[in-house]
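Read through the structures below before going on.
What follows is subunit A paired twice: with subunit B in the first complex and subunit C in the second.
And now, the complex of A and B:
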């Protein structure tokens, strides 16, 4: 019941600052749109596709990035570092009989729903204007893609919680966050689909967790993965989630001992 | 004018001192500033890995455009971005009062107070990359084209400054929209792509981005000796119009400043 109340109060807060939230959405939207526009003016060398990707699939890919970014990506690390650790607001959470992890998670949902709604509206408009937006028509693959997306969202959230908690040890963590953003941009597939990467770089991307938070949910929805491959991706995501969850628990237990409550 | 030069020299001195006070912050900012510069160039490398050309720009030209971007944006960030970005906070907290009572032009003061010297490393990054890249691909740059290009960069930075200032002046009415600054930082990244992208049919959705991309595309075209006289005229004209407008808009908007703070 208490989590429902938190959800209700956060929803009110999110709706109060709709304009601000829309600006954040525009920020996330701009990069994929620029890349999409760039690809539409590209001339290929000799053929009209690269490794099976043509303008149509690339357009869908960038539109889906807009949606995935709105629904799946968490930015909770900045709130934790700035408000909870630096300003000392973590003390309030420590006194309350609720889980810090789940409270933060519930608080994310209304924000994600609003961002997702912006994403759906913009994707519909753009797919009408550009006339090219394709996802798989296989129900089984769609179900798998939804599961992969849920796992991706949990992965992104837990990973960002870990990054946020690291600010209990590192006083100036902004550089670390920036470094993470750079890795995400390249290895999550925001620039080009990882399938088009040079082999060495692609292998690095498949080992790192970033691709499982953005790239795989998208290509699953595009129908570029078989059921077996989807299950394999879910398995890897599961391993990452277990690893992240135990890392979070370790950092939370030890971080509380480091926390002075005075702010930084 | 002489008084303003004197004041600006003082501002430079203060900011050099500040740079050495916050040494921990120095390395974080250095990492972030140079890192994003490298990522920008690497992004264009990845994007153009398997293509012939885009919008009439060859792969090499596109990489040069992306490589000059860190230097160009770095100079803008160094001189103006942080100051203009702080406007909503200054307005929201009522700090603008203390600026308005000073015997100095308020736009000059709020635009120049802080200088982020770390951004110089982005210029070094760009210059080093182009020198190295020039050894591997044939780039034809003459002293004349380079000089003209640098002069046009000043017009480009002035255009960028005016757009930022125009947008952030809106904070005089909506001071809680502090994330407008983040939107502007994202819009600056438009300059990594050629302005030609927005002239084509599908680009009409993005007409609003043309001034951003023109700011760098024209100087780079001049450097690569691919520009026309019209390109130069358009940049100079747009740059002047935006600067004059930003000036008038600031003076107009100040009438609505209530000094009440948020």
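And now, the complex of A and C:
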């Protein structure tokens, strides 16, 4: 019940600041939209294709990036570093008989729902304007893609929680966050589909966790993965999740000892 | 039975020291100097169930750090802390359900929503039964006179009203142990007085153990702990503090006519003389006799006998402990 109440209160708070949330969404939208226009204008003309990607699939890819970014990507690390650690808001959580991780997770959901709604509206508008939007029609693959997306969201959230907790050790954490954003941009498939990367770079991307947070949910929904490949992706995501979870636990136990409750 | 048990508690912070200017910044790129600051230095004390204890000390004395260690926010560098039989830092849920820490400059209310929403959230977090919750809301809103603004968004409340809501949120689960860190900060004198009365009322009504850091707490707490530079300078009853550290009374006299200051010394230590007002510090045992002598020998218009000012005594203790300051 406590988490339902938190969800209920955060939802009220999010709706109070919906305009700000929409602006954040627009900022995040800018990058894939510009890339989409670039690909459509320069590279693909008519019916030509590169490594099996044509104008329809590439358009869908960038529209789905917009959706994935809105639904799956967490920015909780910034809140943790800025508010909880630097301003000492963590004290409020530490004094309550409640899990910090799950409280943060539940608080994140209303933001994701609102951002996701913006994403759906914009995707519908753009797909009508551009006349291109394609996802798989296989129900089994769609179910797998949804599962991959849920795992991706959990991965993104836990990973950002870990990054946020690092601010208990590193005072100048913002540079580190920016570096992570840079890696995300490249290796999560925000710039181009990883399939179009040179083989070495693609292999590096598949080893790193970023692709499992954005790229694979998208190409699964586009029908570019078989059921077996989907299961393989879910397995890798599971391994990352276990690794992240234990890393989070370790950092939480030891990070609390570093906490000084500054700002009070 | 002691509810709070602190043994040889120390809390150290590693603080980065940088020389001023650009040169210092460049130097710090290659070698950083750190200094260990002892915020709390080997302190020990015990607090019994239902006690209301004042924790007094100047800024940076170690009061807040001690309260944070007691509530489990900080991990002690050395020593042992036990509250209600629990080690606070372990954050055992049944421990957290029995304590509360109110920090005057920190708020836990949802800014855009009415205070009642935070209370309802706390009802779920602390698993308070509906009946008990209603009782507490009624009780607290009555004592704090907060009924009218329970449903007003927090951002629309005045500072005093917000503080009342903060207190309600902190006490809705009726904690057995309450830590109050400067709860009167920023409040006007009327509100400060109300708050002190409320703390006393809460202590009596709920038999809660309260550790409080604030100014003007002498009228509230029988026992006080004075701390400075992380060390306890005094721990005992307020009466003992006066007896031990200020065994005198203050006699205030208003003269009808001017008297040679040299003639005044026979009555006691002259603390202050600005005609027509004189203040004497007179030994406790002889204060009545001396007052009679003053009335007899000096041209007195008015006379008062008072206990020494607690703040003066405390300041005196700080000065003696740290004469260079």
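Worth pointing out:
In the analysis below, the second predicted complex is superposed on the first by the 257 of 264 C-alpha atoms of A that agree within 3 Å, B and C clash if a C-alpha of one lies under 4 Å from a C-alpha of the other, contacts with A are read in each partner's own complex, and residues count from 1 in each chain.
The working rule: a contact is a pair of C-beta atoms (placed from the backbone, for glycine too) under 8 Å apart; a residue touches a chain by one contact, two chains touch by 3 or more.
Keep in mind that this is a model prediction, so the values were computed, not measured.
By the touch criterion defined above, A:239 reaches neither subunit B nor subunit C. In the superposed pair of complexes, A:257 makes contact with subunit C only, with no contact to subunit B. When both complexes are overlaid on chain A, the residue A:172 reaches subunit B alone and has no touch with subunit C. When the shared chain is aligned, subunit C comes close enough to touch A:5, but subunit B does not. Counted by residues of subunit A touched, the larger count belongs to B, out of subunit B and subunit C. In the superposition on chain A, no contact is made by A:124 with either subunit B or subunit C.
In the superposition on chain A, A:13 makes contact with subunit C only, not with subunit B.
In the superposed model, A:186 lies in contact with subunit B only, and not with subunit C. Across the two superposed structures, the residue set of subunit A contacted by subunit B and also by subunit C is empty. Residue ranges on subunit B touching subunit A, taken from their complex, read 24-25, 27-29, 31-32, 35-36, 39, 42-43, 46-47, 49-55, 174, 176-177, 179-180, 182-183, 186-187, 189-190, 193, 196-198, 200, 202-203, 205-206.
Interface residues of subunit A, counted against subunit B in their complex, comprise 17, 19-20, 23-24, 26-27, 30-31, 33-35, 37-38, 40-45, 50-51, 129-130, 171-172, 174-175, 178-179, 182, 185-186, 191-192, 196-198.
The touching residues of subunit C, counted against subunit A in their complex, run 13, 64, 68, 71-75, 89, 91, 93-94, 96-97, 99-101, 103, 105-106, 108, 110, 112-113, 117, 120-121, 124-127, 181. Those residues of subunit A that touch subunit C in the complex are listed here as 1-2, 4-6, 9, 12-13, 16, 88, 91-92, 94-98, 256-257, 259-261, 263-264.
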